Amino acid sequence: MDTRPSASAPSWKQTAYSVVFESDTRAGQLFDIALLAAIVLSVLAVMLESVRSIEARYGHILRAVEWLFTGLFLIEYIVRLLVVRRPLAYAVSLFGIIDFLSIAPTLVALVMTGSHYLMVIRTLRLLRVFRIFKLGRFVGEGEFIVGALKASRFKILVFLTAVLTLVVVIGTLMYVIEGGQNGFTSIPKCVYWAIVTVTTVGYGDISPTTVLGQTLASVLMILGYAIIAVPTGIVSAQMALPTADRPGAKLAVCHVCQASGHRADAEFCWRCGEKL
Amino acid sequence: MDTRPSASAPSWKQTAYSVVFESDTRAGQLFDIALLAAIVLSVLAVMLESVRSIEARYGHILRAVEWLFTGLFLIEYIVRLLVVRRPLAYAVSLFGIIDFLSIAPTLVALVMTGSHYLMVIRTLRLLRVFRIFKLGRFVGEGEFIVGALKASRFKILVFLTAVLTLVVVIGTLMYVIEGGQNGFTSIPKCVYWAIVTVTTVGYGDISPTTVLGQTLASVLMILGYAIIAVPTGIVSAQMALPTADRPGAKLAVCHVCQASGHRADAEFCWRCGEKL
Amino acid sequence: MDTRPSASAPSWKQTAYSVVFESDTRAGQLFDIALLAAIVLSVLAVMLESVRSIEARYGHILRAVEWLFTGLFLIEYIVRLLVVRRPLAYAVSLFGIIDFLSIAPTLVALVMTGSHYLMVIRTLRLLRVFRIFKLGRFVGEGEFIVGALKASRFKILVFLTAVLTLVVVIGTLMYVIEGGQNGFTSIPKCVYWAIVTVTTVGYGDISPTTVLGQTLASVLMILGYAIIAVPTGIVSAQMALPTADRPGAKLAVCHVCQASGHRADAEFCWRCGEKL
Amino acid sequence: MDTRPSASAPSWKQTAYSVVFESDTRAGQLFDIALLAAIVLSVLAVMLESVRSIEARYGHILRAVEWLFTGLFLIEYIVRLLVVRRPLAYAVSLFGIIDFLSIAPTLVALVMTGSHYLMVIRTLRLLRVFRIFKLGRFVGEGEFIVGALKASRFKILVFLTAVLTLVVVIGTLMYVIEGGQNGFTSIPKCVYWAIVTVTTVGYGDISPTTVLGQTLASVLMILGYAIIAVPTGIVSAQMALPTADRPGAKLAVCHVCQASGHRADAEFCWRCGEKL
């Protein structure tokens, strides 16, 4: 979706857009960093306010900070609405909704009590932290990780399906074996226990007490211990694939057919056979 | 085992067979997806029924759903028996037995009480979810994972043997060290504890209290932390192999320069540029 | 150490030696499997005897089984002493001592009570399970894993040193932070807690309650989560190294200089430059 | 920073410097090992002193040991100050401060009580253990691991940022869902719980009790189970790189055929057989 203001828009709009929405210019990068700092600080304030002892002593300061950031974010939101080409499209986009929801609760609190609780939605603004990966050195690294995960998404999906089936089947078996005792009170709870176990988290809030139950749990644990190798292997193998950003790589992209993903020591393009 | 109806069978039988047993035709794929949805829904119903509070309020609806799915699965079972070439062979196959057991309890409940508990067997039908890997994009991915695990099966077996020996030896030592106290009441329980520890699950339902016990536990934990690297390394190395068993791989070796390690979708050799 | 009987020994000795000590002949393999089964069964008997409820009911059977296996192992031990070239060398070797200790407690129990507890030493005989890796298909797989671990031993040692330093430093800090409360009663206990945490076992028998303690624990957990990548990476990289048992490998060993470990696609020996 | 004494310094200073600060000479290596042993022993003494039962019985011995090591470390500290070219630069460097702090508490205890608690700072001297990696065989291995981590540092930073954002967002959601009950009393505590869960540590001191909470926890666990693959994949892929930064690597690329991916100890090119 191209949200850039049209070429006929006043130049201040275009400048403001490049600062607020983009990270190519120096001003845009500074804005991104300042915005990130403001978000982190406002989230910290929300977090501290939830601690009773801190709220009792510094509550008035935290509320002032809250109003300060709400003011800043309100200004930012209005600017975003003004400079974007189609304000409605932005307003109903994921980030548009999060931006709105992060200022709404404080404003609503002026006329209504109880909405204060919604402040935590502001935390979602933290997702903007991923914008920072568009800055400088991190671009390639972020793309590398996301790329490897994207390329493995079907394999990971197959793996997750297998794991989910496993936990449902074993959770149900456990419900029958432990007979609804010791926390294994319903199948969904048993499935929750199976997930806690297969992922090797192991809270211990529910744990088997019968011999058969402990035997099945042992099998599940060893399975979980062994199958952790599968997603790890998938991602490792994907990341180890010869890509262009490796040291010694000849060319990121073939100059003829634009294919990428050559071996580091390739001399010819794997797609068109052209000399690299 | 070829269970296809013979060529002389009536054509409706052959059509029904391809729909119910195969996934090559569009009808067959739709049937698979519909069956999968029915299985997931029926398993959800069984799971919800096990929650006391839900059962108290919506028990009558859940029982109606149960009868609905039992009816559908009964029809499916009968159709399978009718169209398959050798009904008995299907009936005693793994999936045949699971299919039968998933409808039997509800029917038996008509004449006998208490059999309701066996409903959980229906969960095993979830194993049919792996049929979905025969659909479209997932074929290759599923085969890739299963292939890597199969190729590593002896290595994984060796690894599991070593781990099992380790937990039995350390579990027995722990029984002597902790002296049958604090949950370490028998050797099998100590082995269970050793498995909980070496897999890094760590419920905490049993944990050592003596100095010597905590020392041995520390050694076991660090061992477990280190040897998780072994199955992961095995599977990673297997998956990273540039071989012909990758889906769609053209050639393992270039016929001109004998270079291997081509991309699965390469059309030209990366070393000599020859068409593969 | 060559323990084979000298060529001048009577032929029954040489035959017995090859059966009892080696796995090259069919008889030797059968003996190894039978011995392994006997060891597993005797360990199972010891394990079951430690369960109070089973001991109360089947104690007499288990004691009979114990005497049976003690008799068999005694015969085996005597045969080993007879056929080996230097009986003393065998008797003081690791396996010789284990073999002796696994029969001694039962025999000692004839004249003395209380030694029964030592029966658990018999579990150590399970280590003979690794003999099975000398049988058929497993030889290469076992060697592959052990080889990769051996090649990585210095890297793993460096890694373990770093982890041990980390847990001692953080454990000590935790002792100061939590002030000897809530289970953090001494530095060794805090180090134990740090090991439980960094390996992601997380029993929960000791867990921080102060804000600073939970913060430090969080740092340690994320560290532990991240550095698990190091041993895994080491072993994966080692296993992914081009070795000769890979499909497509030219030669396991150079016919001139006997060097192994060639790339799968190598055409020349890396050590002597000879054409493979 | 070059801290070597100037060439015009007396020769005993230069000898002492090479012994105390460097590990190239035999004397320097012996000093490093002796220092390390002294540090490990002094840390052990501090650890044992924190155990109440041991302190009650052997407190006087441990205090004598403490004075012995304080004396040795004081002498070492003075020698370091004497032989280094710029004593102030050493005194304010990280190791200089740690060296000073590890002797200060015992000395201060002569005129003031209560400072004894600071003894634990001595543990930080353990960081000198990493000096040992400069000795012999470990040089290359330590560099290999540190090199792989250094090369992956941006990727790991991106990964950690993503994980931290995730735990803050999910921790906050959990605070709303569990409603400040069952240990989820503040957002920082919920974030702590999220870290305990995503890293699969799972103490169980805080665990969700509501259905929605357990569902979100399950999602977080499976996420944590899956994303452990990311750092592992990053480091594995980095370590599997056939590059020149492997210890002893001859050449990254053959000067004749430009082939890369040679063994670290290869003397001939695997592709063309040319001497490297």
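Order of writing sets the labels: A, B, C and D. Residues in every chain begin at 1.
Here is the rule we go by: a contact is a pair of C-beta atoms (placed from the backbone, for glycine too) under 8 Å apart; a residue touches a chain by one contact, two chains touch by 3 or more.
A quick note: this is a predicted structure, and the numbers were derived from the prediction, not measured.
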item	value
Same vs different contact residues, subunit A with subunit B, by half of numbers used	different
Far-end chain from subunit D, centres as C-alpha averages	B
Subunit B and subunit D: spacing of chain centres that average the CA atoms, whole Å	41
Mean-CA-position distance for subunit D and subunit C (Å)	29
Touching two or more other chains - residue numbers and ranges from subunit D	159, 188, 191, 200-204, 228, 232, 234, 236, 240, 261
Residues of subunit A that touch subunit C when the two form their complex	200-204, 232, 236, 240
For the subunit A and subunit D complex, residues of the former touching the latter	43, 46-48, 50-52, 117, 120, 123-124, 126-127, 129-130, 132-133, 137-138, 141-142, 144-145, 148-149, 156, 159-160, 163, 188-189, 192, 195-196, 198-205, 228, 231-232, 234-236, 238-240, 246-248, 264-265, 267
Complex interface listing, subunit B residues touching subunit C	154-155, 157-159, 161-162, 165, 168-169, 172-173, 175-176, 185-188, 191, 197, 200-204, 207, 211, 214-215, 217-218, 221-222, 224-226, 228-230, 232-234, 236-237, 240-241, 243-244, 252-253, 258-261
